[in-house]
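These notes are about the structure you will find just below.
Read from first to last, the chains carry the letters A, B, C and D; within each, the first residue is number 1.
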Amino acid sequence: MAELTLVEAVNDALHTELARDDNVLVMGEDVGRAGGVFRATAGLRDRFGENRCVDTPLAEAGMLGSAVGLCMAGWRPVVEMQYDAFSYPCLDQLITHVGRYRWRSGGRMEFPLTIRMPYGGGVRAPELHDDSPEAYYVHTPGIKVAIPSTPADAKGLLAAAIRDPDPVVVFEPKLVYRTARGEVPEGDYVVPLGEARIAREGSDVTLIAYGAMVPVCERAADELDVSCEVLDLRSLRPLDEDAILASVAKTGRVVIVHEAPRTAGFGAELAALIAERAIFDLQGPVLRVTGYDVPYPYWTIEDQYVPSVSRVVAAVRSLF
Amino acid sequence: MAELTLVEAVNDALHTELARDDNVLVMGEDVGRAGGVFRATAGLRDRFGENRCVDTPLAEAGMLGSAVGLCMAGWRPVVEMQYDAFSYPCLDQLITHVGRYRWRSGGRMEFPLTIRMPYGGGVRAPELHDDSPEAYYVHTPGIKVAIPSTPADAKGLLAAAIRDPDPVVVFEPKLVYRTARGEVPEGDYVVPLGEARIAREGSDVTLIAYGAMVPVCERAADELDVSCEVLDLRSLRPLDEDAILASVAKTGRVVIVHEAPRTAGFGAELAALIAERAIFDLQGPVLRVTGYDVPYPYWTIEDQYVPSVSRVVAAVRSLF
Amino acid sequence: MASTDALSRFASEGIGDADLLELYRRMVLLRTYDERSVVYHRQGRIGTYAIFWNHEAIQAGATFALRDEDWIFPSYRESAIGLIRGMPVETVIAWWRGHPSGWWSPADWNVASICVPIATHVPHAAGLAWGKKLRGEDAVAMAFFGDGATSEGAFHEGVNFAAVMNAPAVFVCNNNQWAISTPLEAQTRAETLADKAVGYGIPGVRVDGLDVLAVFAAAREAVERARSGDGPTLIECVHYRAAPHATADDPRAYIDQARVEEERANECVGRFERTLLEAGVLTPEHAAAVKKECEDLMRAGIAAAEAEPAPDPELVFTHAYVDPPGNMRRG
Amino acid sequence: MASTDALSRFASEGIGDADLLELYRRMVLLRTYDERSVVYHRQGRIGTYAIFWNHEAIQAGATFALRDEDWIFPSYRESAIGLIRGMPVETVIAWWRGHPSGWWSPADWNVASICVPIATHVPHAAGLAWGKKLRGEDAVAMAFFGDGATSEGAFHEGVNFAAVMNAPAVFVCNNNQWAISTPLEAQTRAETLADKAVGYGIPGVRVDGLDVLAVFAAAREAVERARSGDGPTLIECVHYRAAPHATADDPRAYIDQARVEEERANECVGRFERTLLEAGVLTPEHAAAVKKECEDLMRAGIAAAEAEPAPDPELVFTHAYVDPPGNMRRG
């Protein structure tokens, strides 16, 4: 066990997986010579060569589109999108091809590619360095989505994504890239997709979150006098519905937290799941604390936008 | 009043709005010489000239990106995407610019552009002619979304979209382009965004739908012995929350129907709204009847995918 | 006429009569597929169909330069190109019937899936070619797309990727001068589409898209260049769309029919046939036999396609994931 | 040196000393803005900042060919280009401080918003130029972007649109030969970036990006071409990035510092200053006065930016819509 930051854990996973499987290849903008703008791919080019850690032209659709072709040639590409909002040019390839090509092949070809990107706000950056695009990805059939909140999960979920036979998108909470530190198992380490983590046991209310909102919920739990269960989803598809329903059955109260805009965000899916499958367990409304349906704001006021401990606390209090 | 098909009503709206405002301009692939692959833009080029109804190069991002520039030059562009799935290349411009540019200008510039496209399945077409992408659009801040189900609304909502000072996306249900016929007011006719339509009054259960799923819900209501209220949203953003909550308060039972994949589809937002604001009105779970989280299937079995009358009927029955 | 000289030139290069007759057979096969399909559509036996009449010289000529290990990336306009590799006629017909038996595995034929969204397969070809090269495998990727496709960002990003990666790719542009109803001059201001190669630092060539031997010669050179490690080539095959875009389309609204008639009079299969007859490579009997063989193939193909049992509704779910999420079936 | 000849040539064309001194002032203004900003960043007074040191000749030279009614479409690399139009220093500083007062209306200055996502503003420039032309208004659009930007589909689609629409647009590529850590040869295989113009059927020119007069001359020709209805031009301004990509970047990992030192020795502002001094157009006193004036402007600017009251949190919602949906504030 080594104590690593979240971004170091990502780097560790990439080193481990490239060493483990010669078919794994990392590609993206500035991943090679520079080792990534967040250093997530540091050391890969020196260790595995420029053909296993490739600096591509500046073209996200070209990156993802050629990754589809790489899969056809037997590779398992790991594509880095430099930032959340800079992944949007690749959505066309994602929706029209990445999510459909296995289906198109009558199930006889696999497209085991991974897309990973830093996401989320709070980093005092110019616009479009703060987005939380997970809903665009998780709404797309054929795609799986994972979002770690701890260094150990950052390693384990990325390893699971790279080994998964289907396309997986991993969103890494850049806000805690360097501040989240924790014990990370060395060498082979996989956290299976689809298993939520109970970040904190509780009995009065369930806080459901992922990524950088997990620590926010934990801090809110500290402030609250009621007993909060904090559920860290870790994976949005596959989704650990049992863990959600079990917790709701126990507490009867739910607050869902994410940074993305509210309308048709993933929180809506969680609320819908609960409204369909756990309606009679509920002792109150299913609340969401989310980003607003407005462009991500100027960073001097971004704290008004990103769900805060106090907004989560207020939502929980309103349930009692 | 003339009796028109839905696509004729779209064409009528375009003729009316281009005649009404010299700043309105229609652009897209094959909208000019051919009058659109569905004839939605027929006659515009002859009547208003090739500069008011422009055949563009085959480039959706280029179309929407230049429409942003056209707005800066004082135009009100109406951009046709030839089919739902062929709009995906424009998502980057939509998310990074169309939804944000007014904010970026400190509210001092307007981007009154309209995107319109045929959407939805059931038309026995090759793949990617069947998608229901509304969730990608409605999740995007700064964008409004309207979806008509009748010829009159197709005209009135498109007119409202073109006159609206904000960017509006109008999805036209291509399945009923030529089969939905109805009285359409001649000349100036606007259906305000944000007002749902009660397609049928009822007291036992509320069926919420839009576009081509409205007639499906109406047929289901015919088959059912319980009294169904069918709510045609007409506009997803702005959303007529009062109409939804009023109907749920009356019936206490809800079935939401859309063609798009289920996960994080707009139905999730509707269920989440109800779970948050109407939880104590509910006498049963909030159900969704939707497309599945898989690629839209081969057309010989697409009827297994698109919500059918019998699936809606079964969902309603399960509530009693 | 030039083509007979071409024949002797090819002969001197070892392209013998057998090869020419095989090339002829492939053109006839494609032509027969296309003409029968239009009839099948009229009879309601297949859905909307993208007609490739008079595009056969491009499709047969370009792929004639490939080996079986090379990959083909077709657009909807090249839907039947797999026939050249021996793909069963019923497979392609089934695709146009929306029947699951029409979905093949690219790995089975080294023919990628029919690409419906314009130009989005161009980066796939770049990636496949690059990926094969990285593995030290000797395979070339050949992508087909139209004149309109060159306006898409996906074309630009894909060709640039291939060029930068020095990938063994050949980009074949079917310049039929129309994108549905949009003429070439509304698509680009460039003198030629081959000019676009300059911006990627790769060779661009322009050939008569109705001269199968000219297309083949250009493709052969491009494939050799790719194989020998010198990177991609862009080939512009110039002709003029002499049929509707698809069965649903009525071009009379926008194309001058006189021009279309001219084009039809000079159609590529008959042109090659005349050349071969003239050169004594082909006899009328052989030509008739080839046509008969292809018609029989089609007859058997449509019969087989129509004999397919109705698809299992379960197929809505079967192929979405290797390892499907639990809630996939909820709807 | 060539530039002195250039001066006389310009003089004969009516570009007099006053113009040259104004051009010099603009370069010094941009240089001062950039150098002070790096200091402000170190002092924690602005956020991450994209350094444009030694890009001043491109920005000042190209825009010197514009009239006030012409539009400028900057990338983050041209964040301060509005200063040339008289935009207050504090506005640009505020942008880098993430303060709402840094967001101007493009219509106020005919300067579009700073474009952060690479190349996505290229189609905006095409649309603006096309739209102005449709209205019969005489305005040219000039877009700035980097070498890396030419790999994006948005660049391709935007330039092609402008070419097809014969729009009065000028595309200025700042080829500093690096996209963060990615060198030009990993971005394109083309001989030059100006070559890309061929594929769009428009003129492409290549100039020394450190020679402000060469950039101005090329821009002036392109602007005249656009204004006279002959369509867009692509101008490649070649130099070499002699500073980090941004304050957050450490180029020592990937750029040879010796090369950077060479470049710095030949930086563009000093070069132009020497030319003007040599030609007797500029005196050391005047040069000193200009620098002082620019430093004062910066001092006033940062003071004004820092004097801005903390933004009203309500601004999270204010500008999203003209006519906001009712649920906008729910979160």
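In this section, a residue touches a chain if its C-beta (ideal position, glycine included) is under 8 Å from a C-beta of that chain, and two chains touch if they have at least 3 such contacts.
For clarity, every value in this text was computed on a predicted model and none was experimentally measured.
Note on connectivity: the fewest chain-to-chain touch steps from chain A to chain C number 1.
Of all the chains, the one whose CA centre sits at the greatest distance from that of chain B is D. The centroid of the Cα atoms in chain A and the matching centroid in chain B are 30 Å apart. If you average the CA atoms of chain C and of chain D, the two centres end up 45 Å from each other. As a whole-number value, the distance joining the C-alpha centres of chain B and chain C reads 36 Å. Between chain B and chain D the centroid-to-centroid distance comes to 40 Å (mean Cα coordinates, whole Å).
For chain A, the set of residues touching two or more other chains reads 56-57, 59, 61-62, 85, 88-89, 92, 96, 103-104, 127-128, 141-142, 237, 263, 288, 292-295. Among the residues of chain D, those touching two or more other chains are numbered 100, 103, 117, 151-154, 157, 160, 164, 186-188, 320, 325, 327.
Chain contact topology: the protein chains form a complete graph, every chain touching every other one. Interface residues of chain B, counted against chain C in their complex, comprise 29-30, 32-35, 37, 55-59, 61-62, 85-86, 88-89, 124-129, 262-263, 288-295, 297-302, 304-305, 307, 311. Partner chain B is touched in their complex by these residues of chain C: 47-48, 76, 95-100, 102-103, 114, 116-118, 148-149, 151-154, 179-182, 186-188, 248-249, 253-254, 310-313, 315-317, 320, 325, 327-331. Against chain A, in their complex, chain B makes its touches with residues 85, 88-89, 91-92, 95-96, 99-100, 103-104, 127-128, 135-136, 138-142, 237, 260-261, 263-269, 271-272, 274-277, 279, 282, 284-288, 292-295.
Residue ranges of chain C in contact with chain A, taken from their complex: 71, 100, 103-108, 112-113, 117, 120, 122-132, 134-135, 137, 141, 153-154, 157-158, 160-161, 164-165, 318-323, 325-327. Across the interface of their complex, chain D is touched by residues 25, 51, 56-57, 59, 61-62, 64-75, 89, 92-93, 96-97, 101-110, 141-142, 144, 164-166, 194, 237-239, 241 of chain B.
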